[in-house]
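Before any comments, here is the structure.
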Amino acid sequence: MDRLALDVAHLFAGGLVLASFMLLYQDRMFGLLNIFALHALIVSLSVAWQAHIQLAPHLYVTAAIALVVKAIIIPVVLHRIIVRLGIHRTIETVGGIGQIMLAGIALVALSILVMLPITAQAGTLTREDLAFSLSVILLGLLMMISRRNAVSQVIGFMSIENGLILAATAAKGMPLVVEISVAFSIIIALIVVGIFLFRIRERFDTMDVHAMGRFRGGQP
Amino acid sequence: MELIVDALVQLVQLLLVLSIAPLLTGYVRKLKAHLQRRRGPPVLQPYRDLLKLIRKEAVLADNASWVFRTAPYAIFATTLIAAALVPTFATGLVFSPAADLIAIVALLGSARFALALAGLDVGTSFGGIGSSREMMIASLAEPAMLMIVFTVSLLAGSTQLSSVAAYVQGPELGLRVSLGMSLVALIIVAIAENARIPVDNPATHLELTMIHEAMILEYSGRHLAVIEAAASLKLLLYFSLIACMFAPWGLATAGQGFADFAIGVGSYIVKLAVGGFLLAVFETGTAKMRVFRVSDFLGAALMLGLLATLLLFVSQRG
Amino acid sequence: MALTILLSCVAILLATSALAVAGARKSATTFCVYSVALAVSVAALSIACWMLLTNPGSAATMQLPIGLPWLGAHFRLDVLAALFLVVINLGSLTASLYGLGYGRHEPTPGRVLPFFPAFLAGMNLVVLADDAFTFLLTWEFMSLTSWALVMAHHRDRDNAKAGHIYLVMASFGTLSLLLAFGLLAGPDGGYGFDAIRSATSSPGVSATVLALALIGAGSKAGLVPLHVWLPLAHPAAPSHVSALMSGVMTKVAVYAFVRIVFDLLGHPLWWWGAVVVTLGGISAVLGVLYALMEHDLKRLLAYHTVENIGIIFIGLGLALAFQGNDMPLAAALALTAALFHVFNHSVFKSLLFFGAGAVLTATGERDMEHLGGLIHRMPLTAIAFLAGSTAISALPPFNGFVSEWLTFQAILLSPKLPQWPLKFLVPAIGAMLALSAALAAGCFVKAFGATFLGRPRTSASQRAQETDAFSLTAMFILVLLCLIAGILPGYFIDALAPVTQQLLGAQLPAQEQLRWLTIVPIAESRSSYNGLLLFVLIATAGWLGAYVIHRWASHAVRRSAAWDCGFPDASPLTQYSAGSFAQPIRRVFGTLAFHAREQVYMPAPGDTQPARFHVSMRDLVWDSLYAPVERIVGFAADHFNKVQSWTIRAYLSLVFSSVVVLLAVLALWN
Amino acid sequence: MTEFGPILVMAILVLPIGSAALLALVPDTRATGHLNALASLLTFLVSTSLFFVRPEPGPFLIVDDVNVVFIVLTTFVAFTTSVFSSSYIAHELDTTRLTPTYLRFYHAMYQTLMFAMNLALLSNNVGLMWVAIELATLTTVLMVGLYRTPAALEAAWKYFILGSVGIALALFGTILVYLAASAVVGEGLDAMAWSVLVKRAASFDPHLLNLAFAFLLLGYGTKVGLVPLHAWLPDAHAEGPTPISAVLSGLLLNVALFAVLRFKMVMSANPGALAPGPLMVTLGLLSVLFAAFMLFRRHDIKRMFAYSSIEHMGIITFAFGMGGPLANFAGLLHMTFHSLTKSAIFFSVGHIAQIKGTQTMSEIRGLTVSHPVLGWGLVLGVMTIVGLPPMGIFMSEFLIITSTFPRQPVLAVALGLGLLLTLGALLLRLNGLAFGEPYGNEAPAQASFIPMFAHLGLVLAAGIFLPPALVSWFQYVAGLLG
């Protein structure tokens, strides 16, 4: 495998991590959506690239799904929802942006640290990709817990899923990748356009998960 | 033949204690009277009282049950047997294996148990006062007594009175601090158990101070007589107990000749006389204490007993 | 063969309880269940007695393909088991007999009948079990069934609370026994007792096992400070069950201790004895003090169980100390004393609980302050109860005295022990034993006096009726046993000889050939006791005295009012109550042991409101040991409970942080 | 005979999914409950045949010694639960808590859940298993939200979010396992097949395996409900329909734990990998102690038993973490007994809550007086779950503690105290529920008690006598678990 292939792959993976950082940093709803679209785009590109260099045509399907569903449909839908719910104001993050960025950097360092000793024989490509995808996953988790707003939590979750797709495609010749990505898209669909938001919409006037704490059962 | 003689001796002993117990009571009373510059009743007065009471009809409270009626005889019997088992003029009596020192203490305990129940039977408050205080005193006196038994039996290696007497008479007994302590403790216990001053005053009938008299307040006639007899038997018992454990000189042993028995009886009478005199002097010299100071009094006895036991270990070197 | 019959007896009992569930509604069930239990326990009793007296030397063993699959359930009948089977089945025999009468007053038989036979079965099985699993299974089964019986009258809030505390404490005990067996069996699970016997364990391990066994068996037996459940649970059950729990189940706990420490654990160390003896002494004194402060008749009896268990453990501890110093004969004496007291206590404690039950059914009262004068209404019960009180107060010529006398004899051997701590400790324990005996006498003067003597304090005790024939038979069988064991102790001591032989390799000299059935533990010159002779002498002396006086002096009797100091027709409430009886002892010991405080409120002259006298007492054991645990658990629960109301984000951050921590661990591990 | 094997296996999967489709279509509300039960019965009967027929492992499906008993257990509990559910749901209709539409949805989802769990157990492919467990999660999420009350929705939402995150972590772990395998086995399906993984695990890259196991443990551990990943579990149990609570506690937790066990086998087959024991022991002990304390402050009866499920999952994880033939054996035993017992408890709790019209424990009292059968059933169930003999759980807990104590005294004592605390808390509540003066509605229960007592009877019987076949199977699997 030639250098170029590697470098391009690394480029995409690194770009994904960068996008995750931008997600962490971004605190405006629409901006968040746009960056997420970018995130998804990068994923689909990297998957497509993997399909190209691994000569695995079925990965193109995955790339297509990623592109269509996550880069186009979902942002649009979310945009609608946000408008309908009228929450396109700036969203307060928990704790300052500064600490969150620091934490994010620490997470990336951790994931690289964890990945370094392994997969010596698995080839550099997968190792770097794994390190990057792991950091994407951790950053997504960090985003989920650093946002109070359900939509941004959903976006964080979707970025996690992008990281997983990245890892799955990085694993050379892994079967069922398509099925898995489809299954994941189902979850996403369920989360986003699924019954819950509507139910929650019709039950509560906010999607702030925090507010739902009031309805917790079992309290005296 | 041997057996018959033994039985005879045992019977003599039994009759002896039974007969001279009232005499001892009368003797002490007389001495106290003299010490208080009174003339006092004659020495034989207790016998007269007993006879008089026996012949009177017994008056029972309406509520009195069979416990009230049988208790006196139970008390009398247990006390008599206990007294008969303590060597007075001769050791190694035929019945002495039946009960060692612990058993004798326990026999007195049964007598007390019966008496306390009798005190509660009628359902007046006096009986209750007496019984509860009696049990409180006993609860302190019995451990003290047991400690004394320990000390003695650790020395003599036996709880059998005959063996104890033999040991104390024997040569290997030096002067023992612990023996002295346990003697003092035993005297305290004896005073408490026999309701003597300063724990209780046998002569009083002031309700709030009496213990023994409160329990038997309802008794009359023959029942009272039997109880009085038992009381004087108990006094005698403690005298002979002290004599046997701490001054066993002159005690005959079973199977010896008539002469030894005579010496034994003689020395026993002397011991009683001396003991009675000391008791009278002590009682005249001291005043009765509050009921709730009795616990300290007896606690001292308990401590002495314990101390005696521990000192024994120290002196014995294992 | 014998074992087969015993196990089939157990099977019959279990089947009976299964049937009782079905027929709980019918009225005939009560009679059937109790009579079956009666018959079965007679059979088991006779077999156990045969085993104990003939002593075939070899133990009968048996294995059933149940329980742990690769192990199976092992059962074994040796003389030790036989002895405790005698105790158990004697108790269950009389309890069933008593139940035939008592059970008819049961308001909800459906809550008693199914569990009664199961309870009996459980106790029998514990003694027969020969591997750790079967032992613990039956042990906890016994607790469970007795719990169900405690909960029979569950509508009373106190009973429910008692049941809860009981089951928690029982499981605590089982847990520590579990750990003990875990240590004995080792990591690869040699759960069979024979395997455990053959294994040798290091001193540290044995010490741990001893501690765990002490906790486990002690919590069931009611050893201070693990006794708190006992005075709550035992009285809560129906009286014949209370008798079984107090008189018999605590003995099963003693069996567990003996089995583990004397049989399985191997040669003891001297200081084990010191520990056990100390606990025993404390239990003996504290138990009787608790009892003296108690006005509830059944509670009082339960507390006396604590006292007697303490006495038993004193004996066991002495046996350990002697055995640890290779003084087998002395150890045999101490163990004999303990085992004999096991038997005696089971007899008179059942008797006393039966009496209390009779009083309870006759008056509906357990509080002694509301009783009194029952000796006129229930004379036979009174006689039985009096005999029981005399026996438990360790007064000759009854049986309680003999075992305590033997214990004293063992204590008197303590100077021969080489270790100084023991030399100093044991006499003090002796003093405590004497104290507890004297206090017990006082306590039962109070109990009998307040309940049966004096004048009835309430109309309930005025209208009381003598109890039924079944109950009386049961009681008088036990009275007879108390007397026999008291005046012919030699035979019983000889019956115990094979047990001490098996456990210690030594036994007391045979007693029955001695002249006039005197018992001589060591040597005639040292100490001896003859209950028969004393009994005969006292009886003759008493009878002679009465006869002579009645014959030649007066036997006239006149009834008249009691002396009232000139204040006529005082109400029965003015007589001495149980509380006032205990007052002097409370003043002497209570201030130290219970922080007893007395407040007197005396209104000013002319003020019409009544004067008040209030006594406050605190259970220091509870305050110092159990209350803190309660507080800690409550505190922790409250604080953990906050997690329940966190937000999803908080939960997510939990997940996140665990991921990060795990990764960090991995990174470090690499 | 073996040639029927694949057909049987397929039947186990097709029956549920087919009947799910059918149930979604059938409008008649009365029949559907029985239809549901019938379908589950058929599935159960088919699955029992697996004891005798052992088909060859295929690339996607496998029947081996590890999963066969779990399949039978799952289908059995599914069947009994469906029987209970038919009477339960009928009552829900009467009280109009459910509309017929939702009922059809419910039954369809029920069968889908069965399908998903059977698939997860049968799958020979890590990816397939992942998909199946995700499907199971989704269906249960929908069922938890069935009542559409704010509390129910919130519980479902919480379950959904946490579950999805767990799923994501598990997927990452799965990918890592594939990577580790593909380096040795070569790319393709073989690198995901259990039958291959366990055989070849010895030569996998240990570091990769460690990382994979960390993620799998956390991912599937979320489904198992291990503290601190447990947060969804109590609410999901409390707010959903009771049959679903029974299936959750009885089956889904087991299935997730089963996945963890599969991976533990791979781990223990690899000498270089770090021992999974300490991790599992820590999580297990944490769960036991945490749940024990949580039990003291519970007011909702279903939530309480949900916490007890957490505690028991903790015990099982602890046992497998300790490892060794005895502890593993005990763990498997405990899994079986717990799923039987806990579902039985939920059966009785469901009826009780329906009769009393509340789940608040302070409003339920004196059941043994007002409803003897239900009440004593509950008492028996609680006695079983706290591990009192002669019921089976006592045996497993006995083995766990006795085998742990000589090796790790502190851990054993901690576990024991946890069990003791649980017992104290549950019995305290039981006192209030089952005893004392009855309170609240005393209408007789029109319920089928057979499922409840069937389960308890099984546990009781097993506690006294374990069939040798089961024993040898457990011992074999315990050996595999290392």
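Note that the chains take the letters A, B, C and D in the order they are written out, and that residue 1 is the start of every chain.
As a working rule, a contact is a pair of C-beta atoms (placed from the backbone, for glycine too) under 8 Å apart; a residue touches a chain by one contact, two chains touch by 3 or more.
This is a predicted model, so every value here is computed, not measured.
Note on connectivity: the fewest steps through touching chains from chain B to chain D is 2.
The count of contacting C-beta pairs peaks for the chain pair B-C. Comparing mean CA positions across the assembly, the chain most remote from chain D is B.
Chain C has its Cα centroid 69 Å from the Cα centroid of chain A.
Between the Cα centres of chain A and chain B there is a gap of 99 Å. The centroid of the Cα atoms in chain C and the matching centroid in chain D are 44 Å apart. Rounded to whole angstrom, the centroid-to-centroid distance between chain A and chain D, based on C-alpha atoms, equals 31 Å.
Counting partner chains per residue, chain A shows two or more touched chains at residues 114, 117, 141, 144, 153, 209, 212, 216, 218-219. For chain D, the set of residues touching two or more other chains reads 157, 161, 165, 169, 207, 211, 234.
Each of the following residues of chain C touches two or more other chains: 644, 646, 648, 652, 655, 659, 663, 666, 670. Contacts between chains, counted with the stated touch criterion, involve the pairs A-C, A-D, B-C, C-D.
Touching chain A in their complex are the following residues of chain D: 125, 127-128, 130-131, 134-135, 138, 145, 148, 150-151, 153-157, 160-161, 164-165, 167-169, 171-172, 175-176, 178-179, 182-183, 187-189, 191-192, 205, 207-208, 211, 234-235, 238-239, 298-300, 303. Residues 94, 107, 110-111, 113-114, 116-117, 138, 141-142, 144-145, 147-148, 153, 209-210, 212-213, 216, 218-219 of chain A are the ones touching chain C in the complex. Chain C makes touch with chain A in their complex at residues 644-649, 652-653, 655-656, 659-660, 663-664, 666-667, 670.
Chain C makes touch with chain D in their complex at residues 65-70, 132-133, 136-138, 140-141, 144, 151, 154-155, 157, 160-161, 163-164, 167-168, 171-172, 175, 178-179, 181-183, 185-189, 191, 633-634, 636-638, 640-641, 643-644, 646, 648, 651-652, 654-655, 657-659, 662-663, 666, 669-670.
Those residues of chain B that touch chain C in the complex are listed here as 54-63, 65-67, 73-74, 76-78, 80-81, 84, 95, 97-100, 102-103, 106-107, 109-110, 112-113, 116-117, 120-129, 131-133, 135-136, 138-143, 145-147, 150, 153-154, 157-160, 163, 207, 217-218, 221-222, 225-226, 291-292, 295, 302, 305-306, 309-310, 313, 316, 318.
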